[in-house]
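Questions regarding the structure given below will be posed in turn.
Chain IDs A, B, C, D, E and F follow the sequence of writing; residue 1 opens each chain.
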């Protein structure tokens, strides 16, 4: 009856069998004395950044003109240290992917020094990021009749949350920081249902409404005043392979959206050469794989609907 | 090598540049001595409410008829205080949006007293909310052959989670509580992928299956025994603008769904005048922008499929 | 002004009214001395399992060949105890659903002993689960040109997260563990937007890209090397009812996907008899309700698009 | 330079050497499947008890006549469960000290049932404990001119803290609960510097001022209105040994103090037969080893002091 | 066997009996809507103060001249708010002790405004407190040959810990803040075994070695360069009573110690009129109840020791 | 009324005044980029060590022969890393006390490598430490008639707690680890009221009963089977000064206690040349400053007591 402690005697064998797979299948475990970036630390960085970007909404209250510099200066100092450490780890990891671990070259790399430079370069972008997000918040207010105030948008709109994290991740991506931008993007994806690759280049006054299911690919270019609804995909048409059948990475595979374009729910635009011209309106569920000129309204020829009397016991 | 501490000397300049944007771009920071509602506190309220609505499933175990009153009474008392505080903050914030901050009129408002009244009025709705949710749980059990028991539905169905938070948020919405209903709705959206505006008016026996990507707009009216699948949108057709080109807010923009209607995956119904008559069945991916009478079955005229032999190296 | 404490005197009445509903509507509260499985404990188990499956990525750093056995052995021992407890609770709960609570038969059941057996049987599956996930990680790398390394995939791909939790939940499902597999699946659904029923039978080298909105039903069978994009549904066509109008549960209701099939975004395959033959490619937004032979490429006859000049003030 | 990871290879040997001592020196490790009471849980019980004994001072604020029953009832219910579990563990442990582990007799014991009975018997004592502590608080107020209010005494007097935990521990001691009373007493000793054995029998209106270094032995009897200063010892004179040279345990070894006695700082009273008669005053540093009649004032014949001029460089 | 749930039915009666004592014995519970200061909050304030007084030792590392202002400014701002709140609560509570609760006079008091004034006045003392503590740290280094560095003293000397908290508590005491100074003092007493009443007036270069059991009374005056060992008591000789037999509070009851005095272990000096003249040395265990002039060395006429052969079986 | 926010404008000035003292009084702040050991981390190390020394009593339950190696091995691995880091920090700090910060010599020091060596050397002592503590636990059981079992002693005797931490700190002291042994000793002092300097050399079977106020100096030597009661001081007689009037540090200043000695409460033995011979018994309150031969019983010639009738209103 109840737990039989003799049965626990098989646990060491079970453990050994599992540990054996760390040698056999060693691509999906990370042993060794070189720590990876920490997802937890990266998320903490993101939370700190949201606090300095939108002070007064979340963590610390009673901020005022007399104490805001202390609060923000303290956070920036901490961010410097945290970013330096995590970026250095990401750089070392990235280096090891293409070099022998512990090789002479690795020893000569100053990953932490480089990490610090990138951390500082990133922190310098914060005023610019705030400038863009101020535009995005305005675009959300102008684009959604249900919005009561800018504050409400900052408090709870997943679209603004997603573009906030994207603008952070994109600056790190431009600084060639490995891994971390993607960790940020997927954290945001999990929180909002909106999947924006950190590589996407997005202009000001960008608004995503509802957002669940939106996918924006790595090489997208999106100009200013673009508005997107839930389920929109800006994706790749097909993937190029090299002569040996391997995927060609780092190629423009995703579309270009010019300014003042609206993409309604579940619209799909695919392909690196596809350009949606300025002021165009792409209707719900439209699927585009080639360019349209400016000022085009594209709608789907609605599929015929069939109306019958519904069966009784629906 | 490694971190260069002299480089940190630029951090104060960096901080100043960022702090300067709190004056320039002051719509996206909240400085001043009037605290906003706290998202964290609102989520804690929601968790407490789930504990009194579904006692015995999550937080506290070993509840029984002899101690349940203590447990619930203690939570209700705490909810009174937490709700009063958060609602009062939301009311003050809302007042300030349309009045000069610190004006004579503001000083005369008794936000906390009003907050308490609304908190009490809300708490009185709890038995009614439980009554509706009991129906919703039954609808889920009747509607999903994979459901093994009502308990399983309460434990883990995102559809029930979403409608639970919605029924809470909707009561607060009806009590004219600003901001908080929306914070609740977006918290639920983040957890479930289901986006229901707190304004939507939804009858008993409502069931959403799978749910990811569902969008239900502010002015929807949904009668009893309605069933909805993932990706369904009940949205607005277009937004009215006033003479000065500004969005007209607070208008019926979203459809009406009568009782016993089923909406299959990715169906879309748009427009404030659109009514789906009782006992109708709207097929997957159907997009409706005008009303259908009761007992109508609407399916899409399936787009022709093209079948070819697949290329070798897919 | 401010809080009026006399108004709090109505809280006891409010509490009593709410507590009264625990008798009336007693299906949605769980009172009694038999604790249910704890969602929190189940999630902790899942986190421990991810740590032993992918050591070195998340929780504990500086793992190396000299200490990994200690770390994993310690976790396995704890997992044995946690799993035994939670499975025993789930078994007792399941038993009570079909028997009188406290009946003679219940007293004779050794739920904890049975829980331990199932816990041990599950832990024995871990090397096999790792073997499958190693394949899945490879499939993700091969299938996404944006992936820089296997490590990046383990760190942040929601598709791998979803299949990891699924492979855990599926083993528990096969061991007839009640409730817990579903709790795991819905936790993963909330985190990734990917909804895979624990019953689905999925082969190695499975890759879901982006993933939001994917739904995979209980009785799906998916062979090896299958690739799926966001919004794909593998669902039921309709539900059978028995003579008394009740849903027939436990029947093959969802499709079979053979090896090397690709399903593009928002493709839908429905029905328990539907088989997508090996090496087929199902295009975006295609909706299939009957089988296609191997090596078939199915695309939608694109709906006619209408291009007009967009109105001025879009 | 820095950490040499090869040196870590000796850690497994180090571990093995340490683990070997768990067999050799097995009195100071507790292996096996029978968990001991948890110090942490016992402290949590003590904190809960302080909350029901002195509601409104520490943990929960805004208690009022309308919610106090909920708050206390909820705590009492939890205390029942926690006490039952910890007492049952202590009883089983105590049983095993004198019996073969896993013996037939042990299997027949209903430790949890007995634990519950003792838990309930203890909870019934709470009103009486409060009655005594109300007297003790009064005695502290009457005895210390620095005390500003009863509230200050409850907030921060270590003497009241010590007697509070003692009165709890003493009731458990009288109920023959093993181990737990002593854990409570030593927790209080660590917090206050006051060491009262749970066996000591102490009447109402007891006041300890300052308290550091006070020691009160197991078999002390202290009547009402006794006042004690820091450093007072009520101890044993010498220990009896049996014929085999082992200590005789469970004998009156500590003194009796009658009502209205004052013991000034560092006074020492030793011996089980020593009685300090009512209304006596024992001066600072007095050391008594035999009885004094009622109404006696005992002071030390002050040792002669020598006064010299102090050396220059003190 | 095991827990008998029917026995739990007596818990409501138990609860009622306990709750009844909240009316009978209502001096030792605090019901009502006026929250007391929070011990937890006061301790948090103390921890924040230690961080600004000794930055770099405990909580935050990597402080440097470039970020210290941010860190400290942020803490000072938070301290202002926390102190204002807690002091206001203490003032209101103190007011209620001598007035009818809810009386007209109470409503007219601006406790929070007064609390803020006292909070600001206290914060202005911080540089002065640091100046004193710098002297105290030096005195410890000069007085203890075991001390390796000033840093070691700051890190772990209980004597410095005690005087640090005392200097904080004493400033609040001088500002007539009720209750909080005493809470601080007793927190320090619990941590260090050193009991200094917040009222004691202590000059710079004060050093307590070891410290356990030291007691320093409310009306002590201690000049500069005084050194004290464990167990020293600076106490009251006897308490004055007024005509009605009540203690006379607020009178000089404790001694005056002039500069450069050393008091060895367990020395006792009692009485408000007792003055130990400058540069005196009071030997271990000496008990003084009257004044000694400057430059006096007082030692105890050692009690005769008796040396015998120890019995065999010690 | 209430908080006046304009008054907060003086906070920046206040902050500046405080920050200015970090330059003036820079001995009691630690600015700079070289982090000190962390008290918190050192305490965590102590807790981990207690877990491997006394497994099964505190943190982890259900330890058994099958999992103990995993649990302990995991802790030892973590202890290696934590100790290496903290010792390296302590070494660097100690080096800087006597050298110019950032000097050439410092750059050439491998503090972390040296830290690791000391960490490993310490971990090798653990079996020996356990052997000593096993003796100490036995001595406590043999010496206290109130002790019911060895387990009770491990659970809650402050004397065993103090000697446990001392034996750890003493090994680190012998390895010339700076600062950390003292931090450990003072943490233990705070918890137990027993102040043992890490330098004291103490043999097996050591027992301290009650313990509050015990002081044992740096250069004490204590042989086996010594028993000590509360308030005992083994201290220095006076401090030697060098020609410039500075304290001479690192000299035998404290007594030697031979085996089988008992020191009763508040006994004091002072001086580096004082030796208490084996099997001696030193009575309560005896103060010794010179040696006594073996087998001596020393008691105080009791001061004459004066017995009078106590005054009425004591």
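The rule we apply is simple: contacts are C-beta pairs under 8 Å (C-beta built on N, C-alpha and C of every residue); 3 or more make two chains touch, one makes a residue touch a chain.
Just so you know, these numbers come straight off a predicted model, no measurement behind them.
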item: Shortest walk length in steps over touching chains, subunit A through to subunit D; value: 1
item: Of D-F and A-E, pair with higher C-beta contact tally; value: D-F
item: Superposition of subunit E upon subunit F: rotation angle, C-alpha, nearest 5 degrees; value: 120
item: Maximum centroid distance from subunit A, chain identifier (CA atoms); value: D
item: Most widely separated chain from subunit B, with each centre as the mean of CA atoms; value: F
item: Cα-centroid distance, subunit B relative to subunit D, in whole angstrom; value: 53
item: Euclidean distance of C-alpha centroids - subunit A vs subunit B, Å; value: 24
item: Residues of subunit D engaged with two or more neighbouring chains; value: 3, 5, 8, 11-12, 15, 33, 62, 64, 66-67, 69-70, 72-73, 76-77, 193, 212-213, 231, 266, 285, 302-303
item: Partner subunit A, residues of subunit C touching it in the complex; value: 52-58, 61-65, 68-69, 72-73, 76-77, 80, 84, 110, 112-113, 116-117, 120, 123-124, 126-127, 130-131, 133-134, 137-138, 142, 144-146, 148-152, 154-158, 191-193, 210, 212-213, 230-231, 241, 245, 265-266, 284-285, 302-311, 314
item: For the subunit D and subunit F complex, residues of the former touching the latter; value: 1-4, 7-8, 10-12, 14-22, 25, 27-33, 35-36, 38-40, 93-94, 97, 178-179, 182-183, 185-187, 189-190, 193, 195, 197, 199, 212-213, 215, 217-218, 231, 233, 235-236, 239, 247-251, 253, 260, 262, 266, 268, 279-281, 285-288, 292, 295-303, 313
item: Touch list for subunit A against partner subunit E, complex; value: 62, 66-67, 69-74, 76-77, 81
item: Contact footprint of subunit A on subunit F as seen in their complex; value: 5, 8-9, 11-12, 15, 64, 66-67, 70
item: For the subunit B and subunit F complex, residues of the former touching the latter; value: 3, 5, 33
